[in-house]
Amino acid sequence: MNGTIEAPTIEYALLAPMLVVFGAAIAGVLVEAFAPRYLRSAVHLPLTLLSLAGAFALTVWQAVKGVPTKPAAMGAVAVDGPALFIWGTILVLAFVSVLLIKDEEHFVGSAAALPGSAEEEQSLVERAAHTEVYPLLLFAVGGMLLFPASNDLLVAFVALEVMSLPLYLLCGLARRRRLLSQEAAVKYFLLGAFSSAFFLYGTALLYGYAGSVDLAKINLALGSVGGQDTLLYIGAAMLGVGLLFKIGAAPFQAWKPDVYQGSPTPITALMASGTLVAAFGALLRVFWVGLGGLDWDWRPVFYGVAILTMVVGAILAITQTDIKRMLAYSSIAHGGFLLIGVIATGSAAQNTAALSGLLFYLVAYGFTTVGAFAVVTMVRDAGGEAWHLSRWAGLGKRSPLLAGTFAFFLLAFAGIPLTSGFFGKYAVFQAAVSGGALPLVIVGVVASAVAAFFYVRVIVLMFFSDPAADGPSVVLPSRGTAAVVGIAALATVVLGVFPQPVLDLAHTAAQSLFVR
Amino acid sequence: MTTHYLVLSALLFAIGGVGVLVRRNAIVVFMCVELMLNACNLAFVTFARQNGNLDGQLIAFFVMIVAAAEVVIGLAIIVTIFRTRRSASVDDVSLLKY
Amino acid sequence: MEPAEIIQHSGGAIGAAWLMIALPLVGAAILLLGGRRTDKIGHLLGVLMAVASFAVAALSFVQLLGFAPGERRRGIELYDFVPGLAKVGLLVDPLSISFCLLITGVGSLIHIYSIGYMAHDPNRRRFFAYLNLFVAAMLLLVLADNYVALFVGWEGVGLASYLLIGFWQHKPSAATAAKKAFIVNRVGDFGLLIGLFTIFATFHTLAFNDVFANADKASSGTLTAIGLLLLVGACGKSAQLPLQSWLLDAMEGPTPVSALIHAATMVTAGVYLIVRSGPIYQGAETAQLVVTIVGVATLLAGAIIGTAKDDIKKALAGSTMSQIGYMVLAAGIGPAGYAFAIAHLITHGFFKADMFLGAGSVMHAMNDEVDMRKYGALRKVMPVTFATFAIGYLAIIGFPLLSGYFTKDGIIETVMEHNAVLGWLAVLGAGITGFYMSRLVFMTFFGAKRWEPTAHPHESPAVMTWPLIILSIGAIGLGAFLVLGNRFMTFLAPAVGAPEEMPSFHPFSLTGLATLALVAVGAVFAWFRYGAAEVPAVAPRGSFLTTFARRDLYGDALNEALFMRPGQWLTRLAVFFDNRGVDGLVNGLAAGIGGTSGRLRRIQTGFVRSYALSIFLGAAVLAGAWLVVGNL
Amino acid sequence: MPWLSTLMGVSVLGALGVTLVRNDKLAKQFTLVVSLIVLALTVAMAVQFSPNGDKFQFAETYDWIPAFGVHYGVAVDGIALVLILLSVILVPIVVLASWHDAEAGKRSVRTYFSLLLVLEAMMIGVFAATDVFLFYVFFEAMLIPMYFMIGSYGGAQRSYAAVKFLLYSLFGGLLMLVAVIALYSIAGKGTFMFTDLVGTIQDVTTQKWLFLGFFVAFAIKAPLWPFHTWLPDAAAQAPAGAAVLLVGVLDKVGTYGMLRFCLELFPDAAKFFTPLVITLSVIGIVYGAIVAIGQTDMKRLIAYTSVSHFGFIAMGVFAMTTNAGSGATLYMVNHGFSTGALFLVAGFLIYRRGSQFISDYGGVQKVAPILAGTFLVAGLSSLSLPGLSTFVSEFMVLIGTYERYLVPAVIATTGVILAAIYILWMYQRTMNGPTAESVKALPDLNAREKFVVAPLIALLLVFGFYPKPLLDVINPAVKDTLSSVSVTDPKPAVPVAQEGK
């Protein structure tokens, strides 16, 4: 390599969706800087929604125009079938989550003010609001888009941080229960930083091994380079730590319950859906593209991780008394199920099946999750959202429709037929079985049987037990929230009865697999 | 001879990691994380030298910038929590558990 | 000589033989579904149906006599009941028609009698419905041309007896007795069912014709097994040892029911089954031997029980056991015995019905008092009842020239030829019969009045006495008519076969004289103890033997010790095991998972640093695992 | 005409309709009408069924999820047809029977009846499904409406019972799911159509594992000993109507599944496991009966009798003789009617007195003769008294089993005695003896209740004396099944010239 540096070529068209989101984010910052306070939210909301919608439109256009077969931006970013599918998913989920956020009930007036202090009163009186939420969210979404599309580890690292940092902040901005919120932020931040350090170290080692951070090059090196396997293995493991942390796979799941519980519910919804999707996208890309030649080595390791994750998620959820915590553990368990799909690699056809199954699962789970958290935002009492399960007793009698919807979401989580959750699980398990991971599937079904218990428990609470005297009331949802619940429920039904279209889409997306 | 640098970076990384585990003060914990990042930088640079390309050194810069961004966010969060709790000990923030 | 072929038949009374079953069945249906509306006509309809059915039987009989002896087995196709298993048809032959006549004839008389006996019972309609049901089921049992249909009738009889014995269900004792009767019968049916299964497994058919035609082809082992299994069934229905225990409790039912069960239906079923299944038994000596032994044992046991009972009905019940024992004994011998078995069955039907109805008439007069120690000297106040009862009594003890004399002696003679030991035991039985029947008569109709002050005995109304008179006529003459000149044996031969040379009746055989002598001794002994002497109002403690007899030879005690108590114990054990064991396992598993969860969630301490530790260690483990796997 | 889809469609539309009706009374009548329409349609379909025509008739097949090779495929053979008939006959009866049951619960009456119709659609679907995956979907989805019916409208322990029922069945279902997936991948046909899958699995070891996957699910559903403990709880807590559908129809899916899937898909494995299954069945027969004798709660007692009866059915299925197979299928139908009648009459009794405990009754026969009478008839059908249809089926099962497995059949026959004990003892304790104070004022059956019981008893009697119509439909289907398992009836020791008669 000589000193001359040739100007990089950037396929802006391909990257358009990301650029739009990031652009909107920056614009948002400018709004914060110059627009008068009373205007801000009025400007932010349409800006955010439009940008997300636009980005989605561009993604679709991209997909229709034809999936590129080689990485973009000098091999830094790969906009391929899976990436586009994941982008679409993330953008839709983000859009839905924004509808939740719109209702500023959730966010603190001024984060700097001490809880219960005069300042806070003041900020409440002024109806002050952290409208920075929107640009922050957009940055996070941008990161989510970049993360699974990043074709080299450096970009992946940057994307990881771009995605995480805003979320750290957003976690701390809850309006109610601010101590918990701040604690969630601190925990998420410290642990996130910690884990990303591992990711970075892994990158360094792999760079040392392969002489490049480009996934394709690393994969090439796997065959050629010899003698430095230790470097390779430890590096891969460290990368794994960073990615599995984001997924919340055991033993890196510890942050999930605390953060999910403490954060403002809309942010939890975004994290539980968007972040998870992005993280899985990245995981797949790193391990299938970057370390694809190594799968005989990492599959067994993930085997263990998957089993542990499913078991921990399912078992710990049983005794939870806080709805958000319970959903967090359930999302851990689902992460385990999804990992089954990651492991089910093999022939090209096999990979396609596994990948498409995984993608479908992500969509199905994403929607249901957002819906579930949206319902959580609506069940409130004096102290804000009623998180404790005991407060949900008899909800089915007070407001059958909402409780019914929530029960439906729970059944979807449990994977009962005629809900999206069932086909998600089925697709993944199916792929795993034909991939020869039968034992894993058996653990999976046992885990889902255990998991079914705590979903059912909530249904029992809502429908079969009598309402508490001072039980929580269901706030009349803002149009946004109502829309979210509606969309989620609709998606859960449609994907549960006519999954074929989405399956086809996922299949075509997976057809090309990841570009190398 | 580059192995010495690698060992050093590994040591730094380990020290940082252990620091995160043993120190109570949030700021210090965070500093340890920074230390880990810098250990990575050292590794990058070393490997850059070993592999004879500039990528590693380049990456180091990226990492510094990211680290800087992290500092901004991190301090913001830590400061708010310090204001509310009058303590920066990470062991005090343990309301969320089980 | 072998049974004749079955000729498919249609037309005439025999063609309409199904009416015999249908009529009473319809009667029962109308009365049960009709509800209170039919209270008025209930008893009349019941009687009408029974009599009509008797008419059909009589006509069929006449038509049957029209055929040459070899053509007297007429089969009637009805319909395909269970495809591949059983086509239901009727078989009208000398055997079944004899039963039909007995059932419908005596049955009708009992119906008529019941009009008077149940006059004051609010549920008389239901009573007649059940009676009709009983008759219908019994007719199906004897007319069926295959074992499935027979079994349907068989259980139908069981049901009817359950309903009738428990007719006064508000009395716990009645309800229990009914239940006991059904369950004990079920034990018998269990054997019968297995028997049918074996038959089907062997022949792949359950039709009498095909089975009997091919019986000789089957191995004697199989035939023995079938024979014994059928015997179990027979024991259940005919109250033979060891399944006799229900019969004495069955007295809880209204007296006409007892008459019906003991004389015309139910208990005779077992004898019918054995005789009908003759071809099978002829291939299995062992089975036959067992049958005869059971017969003898029961006839002695019944007699002994009869000696100690103060309850008039129970005493009669004992005698029934004993008499059925005679029939079974004869049936066990083979063609030589069949004719006598059935003949005795018919005559017994008459005199036993006569006596039971007589006893009913007495109870009716003594406001339902059954303890004979509270009777005495009734012959004057109830002349008709006494007269008819006396005839029945003389008939059963085998007083010369009355029907019992012919039929029972016939049996004893045949048995004697067949096996002396059994023969002498049968003679002994006859002697005991003489004793306990005399005892019964003397305690009831002779001696001093021992009535309750409230009792104002009176003769029963005509509707009750006329049946008695008719029955007693039968009790007098029927035996001679059937036995003399082997009339009945020749008639029956086409159905059940007959011995090579017909037995000749010789009145003054050694056996006959011995029997008479013993009976006389018994009667005289009874006279001195109960006729001439004063009968204590309360039963004396009596010897060990007496208690033994009073307690039904400890039959119930035995059942209780062997089956009931262990059964209850087993049940409790099973329930406990089910709740604690099986279900406990299920719930335990769930609880276990819950507990694990409760403990495991404690690792989520809430301290960042411990989370970090888990990440750190996780990373180490991951790397370690990777190195291990990678270097494999 | 797409008969089966129409049937399901009508029920589903009915279910939606009910939720729209504003007034409860109207909703009930509406439900009744809908269920009667479905019944009428089914009968109309049944009469067009030609017993000796193709195996599956009224077939409809559309792609549902090509990606998984899943079809919406429905059709009926003799077995499925009679079971569907059973279901649609029971539903209107149950509707009529539970006229007031829902009012006890705090939840709306409309929900209850709409759930009932949803359940009906699924019951039809599960029996009609010719696509294994579709079958599974119905198999699992069925749980949900029943779960809510028990949980919302049941007795004191309802939520415990409902959860136990759901999780237990769900667990079995998930094991089956694994087997279903494995079946699909191993068969490699790319389709879930039953007929295409038959005979695809040749390797015996594979068959064994898949068999177990299916069998356990069915054994839990049926339920077979020792997977039965959920049934007494569920049945005892469910409202009488729901209990009837639960025991009468839902559980039949288990035995039906054994006959249809376990046997035809994995014949060798089925033969291999026959001793095991027969043993379990026999244990269930005796054990269930004995435990039933010891029950103090009427509904639990009836539930345990069903455990015993399901033992008979499973034994008949796995005896693999024409008689036993047809008998078992007939048994499924008869048991539906008989237990249905028993549960409903017991329900009436309990509704009057407000207690399920046998000890709280006594001498009811005196005050409510008709109720007692119907109770007795139902009870007698449960102890399979000749003249009632249950006898025919039990006799066929036993005789068919005896042909091949002598000892099990003999042991099973003791169930005949035990049945007499548990039924008659319950009857004596509730109906006979001196009338208990607490039931002195018990009213007898009213017109509605008579209408509920009459058809059941009529069916029991009619098929008790003339089961041919049903058997003519069932026999060919069973023969076909057995031939596809390639077993033939054992030959008699003494061949008799003309068979049958």
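Per-chain numbering from 1; labels A, B, C and D assigned in written order.
We adopt the following convention: contacts are C-beta pairs under 8 Å (C-beta built on N, C-alpha and C of every residue); 3 or more make two chains touch, one makes a residue touch a chain.
Going by UniProt, the chains are A = NADH-quinone oxidoreductase subunit N; B = NADH-quinone oxidoreductase subunit K; D = NADH-quinone oxidoreductase subunit M.
No experiment lies behind these values; they were computed from the predicted model shown.
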Fill in: Per Cα centroids, the chain farthest from chain D
B
Practice prompt. Name the chain with the Cα centroid closest to the overall protein Cα centroid.
Written response: D
Worksheet item: CA centre of chain B versus CA centre of chain C: separation in Å?
Response: 97
Discussion item. On a C-alpha centroid basis, what's the spacing between chain C and chain D, in Å?
Written reply: 36
Response to the item:
Between the Cα centroids of chain A and chain C the separation in whole angstrom comes to 79
Worksheet item: Approximately how many whole Å separate the CA-defined centres of chain B and chain D?
Response: 66
Item to complete: Could you tell me which residues belong to chain B and also touch two or more other chains?
Response: 17, 20, 29, 90, 93-97
Worksheet item: Could you say which residues in chain A touch two or more other chains, in rising order?
Response: 186-187, 190, 194, 257-258, 453
Discussion item. Which positions in chain C are in touch with at least two other chains?
Written reply: 590, 601, 604, 606, 608, 612
Discussion item. Dump the list of chain pairs that touch, please.
Written reply: A-B, A-C, A-D, B-C, C-D
Item to complete: Could you please specify the touching residues of chain C with respect to chain A in the complex?
Response: 590, 593-594, 596-598, 600-601, 604, 606, 608, 610-612, 614-615, 617-619, 621-623, 625-627, 629-631
Worksheet item: If you look only at chain B, which of its residues touch chain A in the complex?
Response: 6, 9, 13, 16-17, 20, 26, 29-30, 33, 36-37, 39-40, 43-44, 46-47, 50-56, 59, 62-63, 66, 69-70, 73-74, 76-78, 80-81, 83-85, 90, 93-97
Worksheet item: Once bound in the complex, which stretches of chain B touch chain C?
Response: 17, 20-22, 24, 29, 90-91, 93-98
Practice prompt. Name, in rising order, each residue of chain D that touches chain A in their complex.
Written response: 64-68, 106-108, 136-138, 140-141, 143-144, 148, 151-152, 158-159, 162-163, 166-167, 170-171, 174-175, 177-178, 181-182, 184-185
Worksheet item: Contact residues on chain A for chain D in the complex?
Response: 356, 396-397, 400, 411, 414, 416-418, 422-423, 426-427, 429-430, 433-434, 438, 441-442, 445-446, 448-449, 452-453, 456-457, 459-460, 463-466, 499-500, 503-504, 507
